[in-house]
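All chains are identified by letter, namely A, B, C and D, in their written order; residue positions are counted from 1 within each chain.
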Amino acid sequence: MQFFTAGESHGKGLIVLINNFPRGVKVNERLIYALLQRRQKLGGRGARSKKEEIKFDILSGVYQGKTTGAPVSIFIPNTIVSLEEIGSITTPRPGHIDLAGALKYLQTNSREFVERASARETAAKTVAGAFAMMLLDEFNISVLGYTKSIGDIELENVPQDFNTLKQNVWNSTYALPDDSKLSQIEKFIGELKDKGDTAGGTVIVMVKNAPPGLGNHTIPEERLDAQLAKNIFAIQAVKGLEIGNASASTRYPGSKVYGNIYLDPKSPFLFKHTQDWMGGIEGGLSTGEDIILKIYIKPVPTLLHPKRSINLETLKESKAHYESSDYCIVPAISVVCEAVTAFVIASAFLERFGKIDIKEIKENYSRYLADFMKCYKKLST
Amino acid sequence: MQFFTAGESHGKGLIVLINNFPRGVKVNERLIYALLQRRQKLGGRGARSKKEEIKFDILSGVYQGKTTGAPVSIFIPNTIVSLEEIGSITTPRPGHIDLAGALKYLQTNSREFVERASARETAAKTVAGAFAMMLLDEFNISVLGYTKSIGDIELENVPQDFNTLKQNVWNSTYALPDDSKLSQIEKFIGELKDKGDTAGGTVIVMVKNAPPGLGNHTIPEERLDAQLAKNIFAIQAVKGLEIGNASASTRYPGSKVYGNIYLDPKSPFLFKHTQDWMGGIEGGLSTGEDIILKIYIKPVPTLLHPKRSINLETLKESKAHYESSDYCIVPAISVVCEAVTAFVIASAFLERFGKIDIKEIKENYSRYLADFMKCYKKLST
Amino acid sequence: MQFFTAGESHGKGLIVLINNFPRGVKVNERLIYALLQRRQKLGGRGARSKKEEIKFDILSGVYQGKTTGAPVSIFIPNTIVSLEEIGSITTPRPGHIDLAGALKYLQTNSREFVERASARETAAKTVAGAFAMMLLDEFNISVLGYTKSIGDIELENVPQDFNTLKQNVWNSTYALPDDSKLSQIEKFIGELKDKGDTAGGTVIVMVKNAPPGLGNHTIPEERLDAQLAKNIFAIQAVKGLEIGNASASTRYPGSKVYGNIYLDPKSPFLFKHTQDWMGGIEGGLSTGEDIILKIYIKPVPTLLHPKRSINLETLKESKAHYESSDYCIVPAISVVCEAVTAFVIASAFLERFGKIDIKEIKENYSRYLADFMKCYKKLST
Amino acid sequence: MQFFTAGESHGKGLIVLINNFPRGVKVNERLIYALLQRRQKLGGRGARSKKEEIKFDILSGVYQGKTTGAPVSIFIPNTIVSLEEIGSITTPRPGHIDLAGALKYLQTNSREFVERASARETAAKTVAGAFAMMLLDEFNISVLGYTKSIGDIELENVPQDFNTLKQNVWNSTYALPDDSKLSQIEKFIGELKDKGDTAGGTVIVMVKNAPPGLGNHTIPEERLDAQLAKNIFAIQAVKGLEIGNASASTRYPGSKVYGNIYLDPKSPFLFKHTQDWMGGIEGGLSTGEDIILKIYIKPVPTLLHPKRSINLETLKESKAHYESSDYCIVPAISVVCEAVTAFVIASAFLERFGKIDIKEIKENYSRYLADFMKCYKKLST
């Protein structure tokens, strides 16, 4: 399963085309809408996100409400500004594609590069992720992204119970795991707007109930972590990724970093670690425990009080370009990180358990679960 | 350009096969040897690395000392232990592939999964990187990896001058940027050995003199950062990656994170940022400034005093498997990170400047440099 | 450069998404329209092709009339029947996907498989080919497909002059190279309609003025002939392909099959064969002479007087399904073969001469042509 | 599953690397040897094939006699001539890569291009095919290639019984389906040798017992016929391919081309056509009947009495290069076509029925067969 996107930030709209999505999956349009809405309406976004209508049109791959195995393609129209109406960008913004794009193509106007590098493309990724979630739902696998920090405000009180956590996140205007710092964050974002400044932050993505063995350890580039990393860094504002407690694990000796492996008969895959700093991935494969990603999001690089820059037509110093933008996209990007992670996990799941037809995949998975218990059956005695 | 590896840790050896390496590049066997030797002999490694002979045999793709454009394949023999001699692994080590591999295939012996997930495979990656460096050398692009921290000892005094830095790193038994903490590290590693413990750390990889525009912003999965991330996380012990100052950039407002763009006539690509926390990559493209990666390496998970685990044949609690291993592979992995980064950069360079023949690629690049100056020529006036 | 298609025969429409199309190519919408119209209106097609409106909407990748290097996506609406209106297919037609699709997914209704396997998808391929031709036009490379035979009527009088040939083909309602057998073919098709029968035939595709060396001999699967074959056999009704005089070349000794190589100063690439039964491709590379493909098209498998078949719901013998269809798609498929060939040649051209920006590709190609003359310069003396 | 090859005709040897070969398949080294031997020793080959020792060394991917799921790599040494000993090729042979290779790279010596384009590479393809056959054997799927014609001598008496046919082919020095024209062919090849001429011919490949539904109709480039075509045309001397009776099917009306579909309870997949000119593939999917390919092989282009050509260093007319070569490789290439077809069929089989472990794939397949009978169960009543 693979997806491709097309479309400009201010063009007619975005396209997402998903190849090799299995046959027979019931399409949940409400889920697509809900994810697009969360992505667009979460706190920190600018004027456009308030005006843009949330629309999508499934153009192919669905028959009588179910997928057919044929390429699924979806069109997401841009309803506000048109590409021909908006102006050129000749004074590159530090942090955005403006300079690198111009220097690559030896141009002085970065408009067309920006159109593709802008985070508007993440709406297409979100829809691809929605389809992946429909698939994961059939196997009781959940993926959740939430805001871990905005600027220097970190959310420390993360509920242990996944359902509580999920509910909190979906109820929060900033995709927060709990409300303890909501007013602090509202104040912070309010001040950003007043100052015309922007902020980044961190996002956590959790995958719950993924079976062990997802990923391909025999070809390093197909390891689950490598696939996650490629797709997470393909998200427009991402600058860093830790799997599990990567940073902390570098500072402590192996004897402190690694926990024991023990049997937990209540756990779906029996085997657990007393401490899992590896984030649910070992040797490039999922272990059957929670997969945890921590993702670093840079601040929005379009500033109301722009940095100094160079006009590419005159080579004179000038203020960097400004156009209406967001203040903090961390909550919105948490939805995109969730979507992209869901897609990678679903793809790895299909690689392992078949990919033709949902009925068949379910049978394959059931048999794996049964064989799993049979293989490690001595537990029951 | 793409590479594939094969081979087991204790099998006959490793294979690397490089497709679409350009024709006409002079093969530098001394560089291959030097990188393999650094990878193997740097401090922190265990018994095997001392005994394993450093050998490689270029099997194809080279004629009269130059590449032909045909697939380059290299065999790196394992000279010590054979796969049939060593035993099975039935009690999984936390942190290694043992558990996830067994659960994927419903086996009780993890030997064959370990053979491929083990860091021995990085010798093949190192050779692929050596070929990439031969190519980058022709364009004056340098890649350097070094140890930034081991355990909680961080190297803060990094020379600003790249040549000094490179010399220090190549002269250091721990790939350190300077000697200020050498004795502290020697003592630390000595204690690890005494205790039978292991350590992780961080690696920095710098790319010097890469032109702007490497990477593909139009397809997010082909962005330079996405390609780097995929390949860096495909390295066996890597758990995290920051591009530039990713972590810090999440904590400060945009106004502090981004520097100004200014003209520096002495810089090869004219345009610079007064502060570059984006690590030389913006919008998925290189900017022409130094590319900086920070990579998190977990501690070696094979412990002399093993953690508790579960014997997969009996499901009884037991000590995790132990076999001779390394104490700290951070210095060695710095060489691998360097190699893999070189390969990604070289591939992106070929995508941009042609890939058939080194003579032609050089002409293409020269013309780009000339056009670059012409395009932004007002500078000279 | 690569394209992907989506969409059903009776769904909302078709999508084509082209990745890595170079920047800066002027979009010729009239060419797209003209090719779509030829594909649809050429003789032999059924009722639908008369009613279906020819429409397309470029959704992305174009700015101010030129390509941007971003994914080009085009929507081609189906304007007549909707998927939900038309019925199921439970009695498979011999020769169509009906039986194989049902047996793959263990279904009794083949509708959804037919929707994707039907030749309606070739409208998307045609648009991809139109973009490729815009690119080839810039380098004076022409691709032309025409009807070589319909049923047992073969067109032997093919004009030697390419421009005459092209004009004839574009003026002909059956894409014929000359009019000598037009009335015979009209009569034949008329009789087919009367009888409710169908016919296949053969198509020739010629590529004029492609430079030598397109394709990749180092990786057999990337040879030009392998790439052409994959894409030609991906066209719905194709069952055979000869490159050059493949069939004849098997029957004669090498001494008769191969011509001499000689210098022709008037030829764009100097070197020619006195007899070229290899069809312009040797060793997987283009030679600089005309590339000639002969393609075998099966008869339309939907028959007004259907064959016997088995009802998949009852397993009783029954007449095969019938729905409105074409009589002979050879002329229409000649347009698709032309389009697909153009796409493969254009992709191979970009692999060889760069792919970023049309201006740069033109400079690369000019320099190759100049170097070519310099390399073989002794000719002029 | 995918394979890559490396290695030169006169270099150290050939490498084949197979990714994603399933775990747990018993390696049959005798089969590898037998196929390599048939490829090398069948009639029509030249001096080298008599002297070259048949050797291969499995370097990776196998543990205790079974595959591990890790990349399988095999080295096939060249035992006779070394690349550095043999000379340059400055006067291109019509029909070989010599001219196209030189013109691509603007060189005057074609040696290095020839080294990769030469049919020696097919030894690597043969080994990849041997591994595929080990897999297909587990599912009772057979692939057989044989000589259908050499020059203008066609073998018409092809035994209907597959086992008889296979025995005949394996017993024949020319891979003939029966002995009726053996002496005629021996005489013909003898005369070729005497005259220093060469011959081509045709090969038939049959696939027996492949289940319905192999291939991917949703993505035309992944159709089974498109995949077969790409890989068959990637074989060095192939110039044409028909699937089923492609050529004949273009000349007859649909009513004559298509047979009826009927139920045959003795057939493994129940459904059959009374006449199958589509060669076992409809709509890009296998139908469950015999898959039949007809492949056109050009004559060997190296002639003892060479054609006229142009010396690339002097641009003077000259005789084309000659070096020791084969007279007729049709029998040898029949083995390669068989191997490559087996690889494509096995890959498509894994895409459909899972690819992790042979035990699991067998269970998946058994369940498909059982479900197949259940789905079409009314037959039994």
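The rule we apply is simple: a residue touches a chain if its C-beta (ideal position, glycine included) is under 8 Å from a C-beta of that chain, and two chains touch if they have at least 3 such contacts.
Please read these numbers as outputs of a predicted model, since none were measured by experiment.
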Centroid comparison with chain D (C-alpha atoms), farthest chain: A
Of A-C and B-C, whichever chain pair has more C-beta contact pairs: A-C
Euclidean distance of C-alpha centroids - chain C vs chain D, Å: 26
Between chain C and chain A, distance of the C-alpha-averaged centres to the nearest whole Å: 39
Distance between the centres, which are taken as Cα means, of chain C and chain B, whole angstrom: 44
Multi-chain contact sites of chain D, meaning residues that touch two or more partners: 4-5, 19, 68-71, 104-105, 116, 218-219, 352, 356, 368
Chain A-touching residues of chain B, taken from the complex the two chains share: 4-5, 92-101, 103-106, 108, 113-114, 116-117, 121, 125, 149, 151-152, 192, 195, 197-202, 212-213, 217-221, 223, 225-236, 238-244, 246-247, 249-255, 257-263, 269, 271, 273, 277-279, 281-288, 296-301, 303, 305, 307-310, 312, 314-315, 317, 320, 352, 368, 371-372, 375-376, 378-379
In the complex, chain D residues that touch chain B: 4-8, 11-15, 17, 19, 23, 57, 59-61, 63-64, 68-73, 75, 83-84, 104-105, 111-112, 115-116, 356-357
Chain C residues within the chain B interface of the complex: 19-20, 68-71, 216, 218-219, 351-356, 360, 363-364, 367-368
